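What follows is chain A paired twice: with chain B in the first complex and chain C in the second.
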Partner chain A sequence: MPKHETPMLDQLESGPWPSFVSDIKQEAESRAKNERNIEYQIPQDVCEDILGVLELSYKHKRTHWKHGGIVGVFGYGGGVIGRYCDQPEMFPGVAHFHTLRVNQPGGKFYTTEYLRQLCDLWEFRGSGITNMHGSTGDIVFLGTTTPQLEEIFYEMTHKLNQDLGGSGSNLRTPSDCVGEARCEFACYDTQALCYDLTMTYQDELHRPAFPYKFKFKFDGCPNCCVASIARADMSFIGTWRDDIRIDQEAVQAYIGGELAPNAGAHKGRDWGKFDIQKEVIDLCPTQCMWMEGKELKIDNKECNRCMHCINVMPRALRIGNDRGLSILVGAKAPILDGAQMGSMLVPFIKAEAPYDEIKEIIEKIWDWWMEEGKNRERLGELMKRQGFQKLLEVTELKPDPRMVQEPRSNPYIFWKEEEVEGGWDRDINEFRKYHQR
Partner chain B sequence: MDYEEAKEKIISTLSKKKGKTKFYFNDLAKILEAKPRDAKKIVNRLVQEEVLEFWSSGSTSMYGLKGAGKQAAAEEGD
Partner chain C sequence: MAFISSGYNPDKPLEDRITDIGPRKYDEFYPPVIAKNKGKWLYHEILEPGVYVHVSETGDEVYTVRVGGARLMSVTHIREICDIADQYCDGYVRFTTRNNIEFMVDKKEKVKPLVDDLMSRKFPAGSYKFPVGGTGAGITNIVHTQGWIHCHTPATDASGPVKATMDVLFDDFRDMRLPAHLRVSLACCLNMCGAVHCSDIAILGYHRKPPMLDHEYLDKMCEIPLAIAACPTAAIKPAKVELPDGKKVNSVAVNNDRCMFCGNCYTMCPSMPLADDVGDGIVIMAGGKVSNRLSAPKFSKVVVAFIPNEPPRWPQTTATIKKIVEVYAKDAKKYERLGEWAERIGWERFFEKCELEFTHHLIDDFRDPAYFTWRQTTQFKF
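So, the complex of A and B:
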């Protein structure tokens, strides 16, 4: 017999997908049985109460969580998010239900031993409920009480060699794709750069002094598996500046059917014979590919890195050899002014340790945003308010056609008086010699 | 401005504000009349010394004098 009746939540379990309701019920049952004799440090029935308060929210169509608080670990201004229930008598198990963000390992690689240690700690001192992973990429621990926070932090930092992530007006936990560890499309070592910037900017990660959140995300190639272009204030996307490498024999193998397109990812249905014209060449957004007899040709200077051809024929087409990354800035979700995608700021930069050039750009942007940004203004909003030209000034970068997505869609770049020979003044008589009134 | 002077300025200005106990970082930088990076050094030290404390909604961070405001009592300990 469950502690609270939850008919609406139970209904959520009936669909074809895995259900978080079933997961929480499973954890509730496991805590009630306590077969491992854990000395739970927070109420044993926390999972029942979380289901109860959620059911009540569905019934009332309003939240029963109070937002935010002063809870945290000493010296850190982020990583812990205070959550309190506004019905503590009804649901004492979740009267305090704070969230902890744990900085995920690069590329989200873990050993099972490490995961087990984390989960054991969380069973003992928290609700046992995790979120793998939050949208920032962190390992999210959902629900503990204030006295447990320092204990958890001590255990993690001293025994598991593990730090908290970012929250609030901080640099958020930098997040990356698996990169060169597993992926042949990776144009730079995403994990190396992610780790380096995480360590370099510890102060920005843990001590909030920004106008609002700031996110770094690292994608090894333009497939953008961590969706940096849509989500990160500063996104680092791998690219190359020479030519796509073509293996003409493998192209023929795809055409002949010896190699499965998309590495066989769509083979579940019969799509008919692979048609390179229809499935690759005609889908190229810049129409820069064609067949000349049995040879596939690419006009590389027109390529906009959509990755479609490489994804379809990975054995025949490979990323170039002169690799680095592009930096795009200003992406955000739609709180103000709607969602914004990142704007190209640096078309190509080499990604080589110690990444000084990259850090220089980051710090110039931060200096500008910290000084000029309004409270709760994201970088993308500041760029919109003061203009892309201002961003170029503060980063000391020269305007480049590649920064313009399409004519008239980007803020205009204006000439300034000091950049124009003779300034704005002109001799009207001299002008009239050539132009009638 | 030396640290002690800055500390005094922050405490006196923040305690004078009526009905408001949480402040943005920018508000503190303005009180200190300092560039953000210089202000951050002072503010961090004030947090270390437990003069100020962090408040976070999860998305936004603010600062307050330690113990000030309604929430502080409710959050102590239990």
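So, the complex of A and C:
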């Protein structure tokens, strides 16, 4: 007999997709049985109460979680999000139900040994319910009580060699794509750069000193699997500046039908015979490809590296060898001033340890934003308020047409005095000698 | 339930304290075949939905089996993932950005037993624990936010609508029949922890009623200037309010006509809640993408202004999404993403084909970007 009736949630147990309701029920059952004789540090029936409070939300069509609350671990300003239930008498197991963000490993690779250690810790000192993973990338521990926070942090740092992630007005936990670890499109080692910057900026990650949140995301190529261009204040997107490598034999194998186009991604439907002209050459956004007899030619100088031809024929075409990354800045979701996409700031930079040049740009941007940014103003909003020119000024970068979609269509240029010969101090009386009032 | 100390001494919090050690280093967790071949991969191929192979210049191969996961996951479930990874993958596993789980093996003959095992595991009520799929020109897992399970500002649930939607789209998780891949995302309010604003199809929770004002507590709970400054449309101003008992308190007044229901005031001030059973619901957005392939990344556009919250299975929401997916599947050209298709045929045609009503809510009236979305040409379709 369950602690709370959950007739609506029960309807989410049917259907093929993994049911989170069934999963929470299995955790509730596991805690009730407690076959491992665990001395649970938060209420044993916490999972029953999670289901209970969620069922109540399904009935009321409103959340039953209160606003935050300042909780955390000593010396850190992030990594823990306070959460309290607004019906604590009905659901005492989740009356205090704080979240911890745990900084995930790069590429989200795990050993089962380590995952089991995380599970043991979280079952013992928390609800046993997680997010694998949160939107920013962290491992998210959902629900524990205030006294457990320091205990969890102590065990994590002492036994698991593991730190918390970011929350609040600080550097949020950086995240990356699978990159060179298992992808032939990766133009730089996303995990190495992500880890290096995460470690370099531990202080910024744990101790909020920024106007608002700040996100780094690392995509190995312009396919952007971690969506950095849409959601990172600074996105690092791999690219190359020499020639696409061509294997002409493999091109012929695609044309001849021996190799499946698009790495087999369209196998679920009969799209007819592969047509390189129609599917690759004619779709190329810069029209920089053509066939010369049996040879595929690419005018690489005109290529904008959209990845389409490489995605379609990965065995014939490969990224170039002179690789690095582009830095785009200012992406954010709609709150407050509308959504913004990242804007190109650095078209090409090498991504080689110790990444000093990249760090220099990051720190110049932070100095500007920390000085000028208003409370809760994202970098993208500051860029809009003070202008792209200001961003160039603080980063000491040279303007480049690659930074814009098109030049401005109004002439309202804020000329600076030093740019105009003779400056702005003029003699009105001298002027009047030639121009009557 | 006796309290068990970790060793932490609350009287001396700095004693033996370890801080700023960051995450575990990525390469501690690489499977041997990944460690050996990092940076040496030549190409990949999707062998069947959910199964792909990467081939290295060393001749090594890694076969990956991708399964969907509800990102809300118990430790019991994670341990089952570990058991599978121990049995088939030498104790290694990874997760993807879109909450999928990937099991990797180094030999082709190891794939089938693994896939068969994964597909055989079901929860007692019948749903798959580890459905194989989510690759290529199909629909992969939905990235989403917390919703009613854990968040204080949501306008809808997250895990429930995601489960209901993925049940409806499940065939396309297990197949690759679409013109291109199609990404569905959900954010339970427009804070958009899930960054759904660049997805092929986005499910967004939205409030439609201005905040209620808890005058008696507002000045005690909130910094009034912060609440005022939080409003992007300057709809909030300071106010002296007389309570029913005659007591005068400092509070705020809201110009309801200027409210666009973002909830930013509530984030700054808990005495201004917006949540409402009738006011809250779902916005459907479509046509966004983050990839730079062929066309530039695009924002998703609002195509349905409001669908009520219908727990537990949100039938109108899932039916709308299914309809858009089916029309797109039938009508778009190979390689065309949903947004590219809509732009080619024209949005007027998109609404016609998807049988969606075009209401005034869908015309942008929020600041500068609005003008750029109006039609400044005589080119349109009847």
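By definition in this document, the second predicted complex is superposed on the first by the 404 of 437 C-alpha atoms of A that agree within 3 Å, B and C clash if a C-alpha of one lies under 4 Å from a C-alpha of the other, contacts with A are read in each partner's own complex, and residues count from 1 in each chain.
Just so it is clear, a residue touches a chain if its C-beta (ideal position, glycine included) is under 8 Å from a C-beta of that chain, and two chains touch if they have at least 3 such contacts.
Keep in mind it's a predicted model, so treat the numbers as computed, not measured.
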First, second, both or neither for A:P208, with chain B first and chain C second: first
Partner chain(s) touched by A:P147 [first = chain B, second = chain C, both, neither]: both
Partner chain(s) touched by A:G293 [first = chain B, second = chain C, both, neither]: neither
Chain B versus chain C as contact partner of A:I129, first or second or both or neither: second
First (chain B), second (chain C), both or neither touched by A:T99: both
Which of chain B and chain C A:S169 touches, first, second, both or neither: first
If touched residues of chain A are counted for chain B and for chain C, the larger one: C
Touching partner for A:K61 - first (chain B), second (chain C), both, neither: second
Partner chain(s) touched by A:G75 [first = chain B, second = chain C, both, neither]: both
Chain B versus chain C as contact partner of A:G422, first or second or both or neither: neither
Set of chain A residues, in rising order, touched by both chain B and chain C: 67-68, 75-76, 99, 147, 203, 375-376
Residue ranges of chain B in contact with chain A within the complex: 24-26, 35-37, 39-40, 43-44, 47-48, 53-61, 64, 71-72, 74-78
Parts of chain A lying in touch with chain B, wherever the complex brings them together: 67-72, 75-78, 80-82, 84, 99, 145-147, 167-170, 203, 207-213, 367, 370-371, 374-376
